Each structure stands twice: as C-alpha cells, then as structure tokens.
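Per-chain residue numbering starts at 1, and chain names A, B, C and D are given in the order in which the chains are listed.
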Amino acid sequence: MFNKDIIVEIFKEIAKTMDENKALLTELDAAIGDADHGINMTKGFTAVKNKLESIAEEDCSAILKTVAMTFISTTGGASGPLFGTAFLKASSSVVGKDALSNDDLLLLFESAIKGIQMRGKAQKGEKTMLDSLIPAYDAMKKSLDIGDSLIDALNKAEIAALEGVEFTKTIIATKGRASYLSERSIGHQDPGATSCYLILKTINNVLKNRESLVE
Amino acid sequence: MKKLINNPANVVNEMLEGIVSAHPDYVKRVVGFDVLQRTHSSKKVGLISGGGSGHEPSHGGFVGKGMLDAAVAGDVFTSPTPDQVFEGIKAADNGKGVLLVIKNYTGDILNFEMAAELAEADGIKVEQVVVNDDIAVEDSTYTTGRRGTAGTVFIHKIAGAAAERGQNITSVKKVAEKVISNVRTMGMSLSSCTIPAVGKPGFVLAEDEMEIGLGIHGEPGIRKEKIKSADEITSELVKKIINDLQLQKNDEVAVMINGLGATPLMELYIVNNKVNAIIKEMGVNIHKTIVGNYMTALEMAGCSITVIKLDAELKELLDDVADTPAYKQF
Amino acid sequence: MKKLINNPANVVNEMLEGIVSAHPDYVKRVVGFDVLQRTHSSKKVGLISGGGSGHEPSHGGFVGKGMLDAAVAGDVFTSPTPDQVFEGIKAADNGKGVLLVIKNYTGDILNFEMAAELAEADGIKVEQVVVNDDIAVEDSTYTTGRRGTAGTVFIHKIAGAAAERGQNITSVKKVAEKVISNVRTMGMSLSSCTIPAVGKPGFVLAEDEMEIGLGIHGEPGIRKEKIKSADEITSELVKKIINDLQLQKNDEVAVMINGLGATPLMELYIVNNKVNAIIKEMGVNIHKTIVGNYMTALEMAGCSITVIKLDAELKELLDDVADTPAYKQF
Amino acid sequence: MFNKDIIVEIFKEIAKTMDENKALLTELDAAIGDADHGINMTKGFTAVKNKLESIAEEDCSAILKTVAMTFISTTGGASGPLFGTAFLKASSSVVGKDALSNDDLLLLFESAIKGIQMRGKAQKGEKTMLDSLIPAYDAMKKSLDIGDSLIDALNKAEIAALEGVEFTKTIIATKGRASYLSERSIGHQDPGATSCYLILKTINNVLKNRESLVE
C-alpha cells in the first residue's frame, strides 16, 4: 500500500510545501533564531526534488538514502544534518523494501526520530523539532495499536504534531539557536517543529488524495 | 534591503572570488568548493575554521602564515555542509593531522562533526575544539551552552602560532583549549542586519533602543533596552567579562574591541578608551589590544568586547608573527 | 542618531585616547593637542597628514614605520586649526624637514598653509603636496578642483617608504607628487552619515536610491539615482577611472576597494571581484589589491575604488615594509 | 562714535546670533557642503565671546587681533582661516585706534574682504561669503559717499548682503566644498554668505539699539 511511488510523490509535495511556507518559517526563525530556516528547508528539499527523477527506480531504502545525502550536502545549518540523519536512519530501517507496511512505517518513523536524537542530543520539551515529531509518533503508534487505518493514524499524528508546535510556544528553548534567548524564547513557536508538522501534513495530504482516487 | 550585491544567491561565490583575486599570495580556492586554502602550505598541523558567511573577515581572512590553513564558507549565517567541510579538512591536511576550530552552534557542530567522520574514514587525523566565548547566555550542561563569537580570532591566532612552530596536533589542541577556557566575549548592537536571501532585517530596533548580549547572526540579544552612553554600555559588558573570567590584580590580558560591521572605528576606539580605563584601574596589565572588524554580522551596528587571560605560553604565541589578509603581526 | 559615544563634544578626544591606549607601541599623543605622533621617531624626513575626524583609520591609524610620523585630527569633518597642525609639524620634524600631505579641501588647504607659515617662521623646513584623486568632480583651474579621498593612503604608503629609506625632502616630495598624478578614485554611497554634533544625517536616500560620486564628508554626490547591481555600479566607477588614468594594456596598477564605514567586507570583495575582472580583461596587471575600511565617512554605507598606475619606483616603494595600526605590510 | 565698547558688544551679539542660527546654517551646509557651518561659526564666536572679557581694555586693533587669533585657533574648516584672516586684516587696518570713524570702518571692511580674497583666492560670483560681503561693502561705501548716516549706510549694506545671499541661490559654486556638486549646487543658498549677512545684521541691530538709547 505504501510503495516507493508514494515516497517520491511525497518528497515532491514536501518541496512544494516548504516553498509555500518559506516566508513563514523564516519569520518564525527571525524571532528566535537567525532567520534562515525557510531558506534552509527550501534549499534542501528543492535539491531533493531535483534529484528524484534519477532515483525513482530504486527501492525505498535507496531513495531515502539519496534524499538524506542530498539534504545533508545542500542544506547546512542545524536542519541539514538533523533532517539528513533522520532520512539516513529511516533509510537503514527499510533496507531492500519496495513497499512499506504499517509496521515498517512505524519503525521508519521511530528510526528517524532516533537519528535526530543521536545527532542533536535533544529530548522532548527543549523546543525543537522533536516536540512535534515525538507526540506525532506516539499518536500514530497508539492509533495503529488500536486498529485504526493508516490514514486515521496519520491524521492523529498530524493533530498531535500541531499540538506539539503550539506547545513549543509555551517553553524555553534549551537546544539550538533559540536557547541563547533564554526567557525571551517563550511565546514563539519553534520553526523546526513547524516544518516537521508541515511535512506530516503533506504526507497526509498525499495519502488522502491517493485514497480518494482509489475510492 | 540596500546592498552592493548582484544576486543574493551568488554572494558567497562572488565574495570568495573577490578574496582570491585580492590576495592571491595568501589564499587560493579549492576548485568547486567554498573553501579557501593557504596558497603556500607547509608541513605542519593543519588548522581549519569556518561557518556561515557574513562574518568577514572571518574566516577566510585569517588564512595564512601563523593562523589558518583553510576556511570553509557556508551560505550567509548558515553553517557549511559536511562535504564542504570535508574538502576543507583535506585542503588543510599536510599529513600531520587537522584541528577543527568550531564555534558552538548546533549547525556548525553537527556539520563539522559529520565532516570529521568522513575525514577519519579517509585516514586523516582530525581533532576538534569548540569555541564558546560569548557569556551573554548562561552556561548549563542541559543547554546548547554558550555561543562562539569574536574570541574565535584568538584561537586562530594562538593555536595557529603553535601549529606554525611545529607543535604536534595534541599540543596544538591543548593550546586551543587553553585559549578557549581563558577567553570571554560580550556584545551589543544598535541595529540589525539583513541576510541577502531574506531581504529584511532579523529584528527591528527603535531609534532609542539597543540589544545587549546578542550574537553574530542578526539574532536578537538577551535584552532590549534604551540606549545608553558608550561608557555605561562598555562598563556593563566589561564588568560581566571580568567577573566571568575572575580577573585579578596583576593578571595579564589581551583585549579585542570588535566591530559588528557598520560601526565606525571612531566608536570602537571610544569604547576601547573606557575598556582600557576599567581594566587598568583593576591593576590588570593589557598586553595587547586589537580594534577593528574581525567577527562581523553583515552590516550590523554595534560591537563586542573580548578579553583573554594570558599566561607566559599564550602571550608568547600571541606575539608570534602572523601574516594573513585580515590580521598581520610583525 | 544612534552612536556608541558619550558626549558629541568629546568624541575626538576620547577616540584619540582610545587609539593611544590600544597602540602604545605605535603612537603617542602630543600633550594638549589632537595630534598623534610616532612612539619611536627616527632621523628621517617627517611625513604628516590629517584633516577632520570621522575618516578613521585615517589618519592616526597610519602613523608608524614606513608611513606617517604624525597625524592631526580636527573635529568631525572639520579640518584642524593651524595651531594644531603646527604642533603636528613640530612632532613630525626630526631635523630633515616635514612633508605635509594635504587633501584638496579649502579648509584643509587654508589651515595647513597657515600652519606651514608658522612652522617656517619657526625654522622648520616644510613642503606640501595636495592630493586630488577624486574624479567625480570635473577638474578646472577656475574651481577648487578635485577632492582628496582614499587615494591619500597610497601617498602615505609610498612617500612614507621613500622617507623611511632616508630620501631627502625634495625626493620624498617628488615621489608623493608622482603618486598624486597617477592615482584616481571614484566613490558611491547607499546611505548618509551623521555628524555627532549635528545629530541628523547630511542627506537622505530613499530605500532604492544611491549617490554616485560623493566624497567622504556625508556630502551629496554628483548624482542621485536608482540603485543598481554591484557589477553595474562597479563598472561605471572603474571605467571612469580607467579613462581618466588613460590605462593601457600592459600597464601595472594597484587597487584599493575602500569601505566608507558601514559596508560589509563581503560587499567590498564582491566589488573587487568585478574590478579585478574588468582590469585584467584590459591586459593590465594588478600588482596589489587592498580591501577594507581605510578612508571612511563615519557610518556611511558605500565604497570607493582607487587605482594607482605604478612604475618600477612606485612599485618597489609600495612593496616596502610598513607597520602601523591600520596598515601593515611584510 | 564707533568705539571699542561697541566692538566688544557686537562680538557678544554675533555669538548669540550664530547660536540662534546654528541649525539653519548647518542645514544650509548639509544641502551643499558637509553640514558643519553652524557648528563651526558657533564654536568660533563662542570662543571669541569667552575671550572678550580679558581684552575689553585693549584698543580696537588689539581686540580684533585677539578675535582673529581666537577664531583661527578654535574654528577650523574653511571658515576658520577665512573669517580669521578677515579679522586679522581688519585689525591691521585700524592700528592704535580706540574709536573708528566712518572712513576707518570702510577701510576695515575693505581690508577684511581683501584678507578673505587673499586666503581663499575667490572672486564675487563663486557662491561664497564674498557674494554677500562685496555687495554689502559697495552699498555701504556708496551710501556714505552720498552723505548718508552710518546707520543708513549699514542698513543698505544689510539689504545688499541679503540680496547677495539670494543671488547665491542662482549660481553654481566654483569655490569651496559646494563646488563638488557642480550643477546640483544651484537652488541652494550659500551658508557662508548667509552667516556674513547675519553678522552685518547683528552689527546693525547693535548700532540701532545704541542710537535709540541715545535718542
């Protein structure tokens, strides 16, 4: 059901989403960082998109690995290595597969988060991308555990991610550039958490679209 | 946004070309990469630094005798990618190992770390130090910690001298770490700056406001307040540094008054006048003072003050000859 | 007006104190006067320069080995008074005569002239040269003529080297005159600047405007126009210089890309990238390029481009060692 | 009739006038110069005023010489040497006198103008202080020649000076800093010509005041 075509399509759509949200992400970063998060994400995912044609024939793992390497070698900043490592670990978790089961997807998501944590040494609650990703993963897992469909599970993940983004407004940053602001970081939402929410939302939209085509 | 540029997407490339054509005796470009490398390399431990662009003359300006062997330039305010840094490490390597001077930013650390992994896989001996001289932010093991700012120039100078003297990578690293534990910086700004690709300033200050304790990326500081006199501002910054360094009578220091890009030298010297008075009044000896634009934030107006506590070893190395485009010492 | 200052009335005094305390090995202050003098003088022809303040590092930053023996600082953008200049002449005199390097402004000329009269009455041998490198203004015998701007730094460097070599005052003056007749400058700005005592900018530019052909005193240029790309602006300035200098294939030149105070080094290097391309394409050899803030106008954003045509003598003198706070050459 | 007391009072009043017109003169200079003429004039004449106490007992020539030296050593810029030289030459023209006749005053004025021309090498019509001074001198001389009172003569001089100031708006500067602007200098009135007009006007006011006191 979740095959490599979808992965390719998802990354194309993510590139579009980032481009549309470039100004928003940059503005969020201007408030508590260095005003480049929108630029970084657009740069990385545009490079990924441009690479996709040449790799669409590979398996899921190979596709994700290329995505990772492309992202790492074009983005820079904190998000380059963090998202890059996430994709790299995701890639390693699905070696040799042309399609992914729900369990595969959960493992992939978990591996991605672990990759980010290995690189960035951050926990939930430090006002980073993890604050939308971890709740999203938890919600997805719980939803699949109780037998929900993938679409429903991803819907719940998206909602949890958005709540996570909202939550970042209430806390002090202790990791990343925003940590230099101490108390002044309160009241602002984290750009990286926001882009992770946008990614989840995009994945969801792609799936919903496919679903409706099938029906 | 008013800038003397062509296309925001090309600023780093054109700048690097402009540096190389201005200083061909000092630096050359690693073909295909945003890396400047010493024109004349020598068999010594390699020193490499880098980070986002927009801090000129950091870091390419410090490539040369007695300082850096290579500098890697990322996009404006964005740390360079691992492959660029890896290329820099290769350029700095003369078989004696390479010391990476990294400023403490998540992006810099992660990208340089990944590059170090690539270099080690390639058989290059790599060591790293992380500069965290900015005391605006409270330090804590649970946070990212303090930023690396203008104090980095002292690492380049002093560890660069150790490498130039032929010390091995272990002792060059030890020297760099000694500098790091003895250098402190605190900054302030009167205006923000604009990343070319963004087109508008990172923050806005009213005509009577300033930011205290800001970094070098157009990010806000720790506090916004009403502008004060140069003496008042300087006193606050210096006193914080003195406390943090636990400076004592008869200590010996070097001082850097660093402009953030748009500050007239006149103002930096007015600041130095007060810095000098405060430190001398304590009975602390100022061995050397450096005044100018060394670690900038594009066209930001403001300054940072850096103090390094010297011992005999650091002092001697600081006094060693250096010959780079942006820092020369006889 | 946002400035890191205390009292507008004290900026020059506090700046001079800040310079002296930063660079005691290079300069000391003539007690009671706004004059900086070489800390270690030597028996040679004295070279003195000066003018209004606000052009830092000009001129005090160039006092030292191989350049100036004394520099006189007027109020911001106001040439110093004759008694101050007279004191400077005395400080620069080592019995071999003193050459006054004057920029072509009515105020500078009149005050330096009167000082020269006082010095001559005092038995000091005094010669003068007048720098008029700025080609923005058409030259004419009926007008004040062209201004002296960044090209002045080349006079300091090259005539300073001749003096350091022990040449007598006649030949040092001849060298200075040769430099003057071979150096041309043209500038532009993106913003104005504010004299501390005035408190508001000399002129105002809209977000999309620039001034072409302005000087270094916050005065308007010869033309206000819509801002263009760095390459277009650079081409216009350089081509005007090339024409005026009548540069030919196989000529040899040195180039200075001078920031006016608030221009990021990144932009100066982007300008240099184009300057370099244009000049090299002509088959003209660039012997040396200097990029940075050398002759500023407080916090003005913009730059000037200076080209000097070299012959064997000028080239050799340009390459001589210089060691001053603001300009060092090995 | 025109004794040294008046001279001292005149310089006190000029200092006041310059202070009151500091912003105006600076603004005029900002348009075609370097925005410091008001500062220069205030600096110079304030120093002169502060010096006056100590020299009020000297003769006219000595007073003017001290004024000249004080002005020269405090003002700087173009106006320092130009006004300074004017006062110096004026001083030399009235050596040993405690009071000045109308002829003395004419000679003094002429000498001052010649001093400015010697220093600055400028002619009438170059958009400088000479454009208010020379017409003023001519008007004063003509008026005294036809037998007018000093007050009337000075009144005519003041009017001529103001016309001279107006005239400077119509011409291109060929001397001083404004000359760098070429055509762009047209339409702006010359700061130095303006301060000379203000000086004449102040002299006039002082005399008129005395007159009215006498009457």
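Quick notes on this one:
As a working rule, a residue touches a chain if its C-beta (ideal position, glycine included) is under 8 Å from a C-beta of that chain, and two chains touch if they have at least 3 such contacts.
Quick caveat, the model's predicted, so the values are computed rather than measured.
When chain centres are set by their Cα atoms, the one at the greatest distance from chain A is D. Centroids of chain B and chain D (each the mean of its C-alpha atoms) stand 55 Å apart.
If each chain is reduced to the centroid of its CA atoms, chain B and chain C end up 28 Å from each other. If you average the CA atoms of chain A and of chain B, the two centres end up 33 Å from each other. Counting partner chains per residue, chain C has no residue touching two or more of them.
Chain D has no residue in contact with two or more other chains.
Taken chain by chain, the contacts run in an open path, each chain touching the next and the two ends left apart. Touching chain pairs in this entry, ordered by label, are A-B, B-C, C-D. Partner chain D is touched in their complex by these residues of chain C: 52, 74-83, 105-107, 110-111, 113-114, 136-138, 140, 142-144, 147, 195, 197-198, 202-203, 215, 217-220, 222-223. Note for the complex: chain D touches chain C at residues 26, 30-36, 39-40, 43, 72-82, 119-120, 174-177, 179-182, 184. Within the complex formed with chain B, the residues of chain C that make contact are 2-7, 11, 14-19, 21-23, 53-54, 56-57, 61, 190-191, 207-208, 210, 227, 229-231, 233, 257, 261-273, 276, 286, 289-291, 293, 296, 298-299, 301-303, 323, 325, 328-330.
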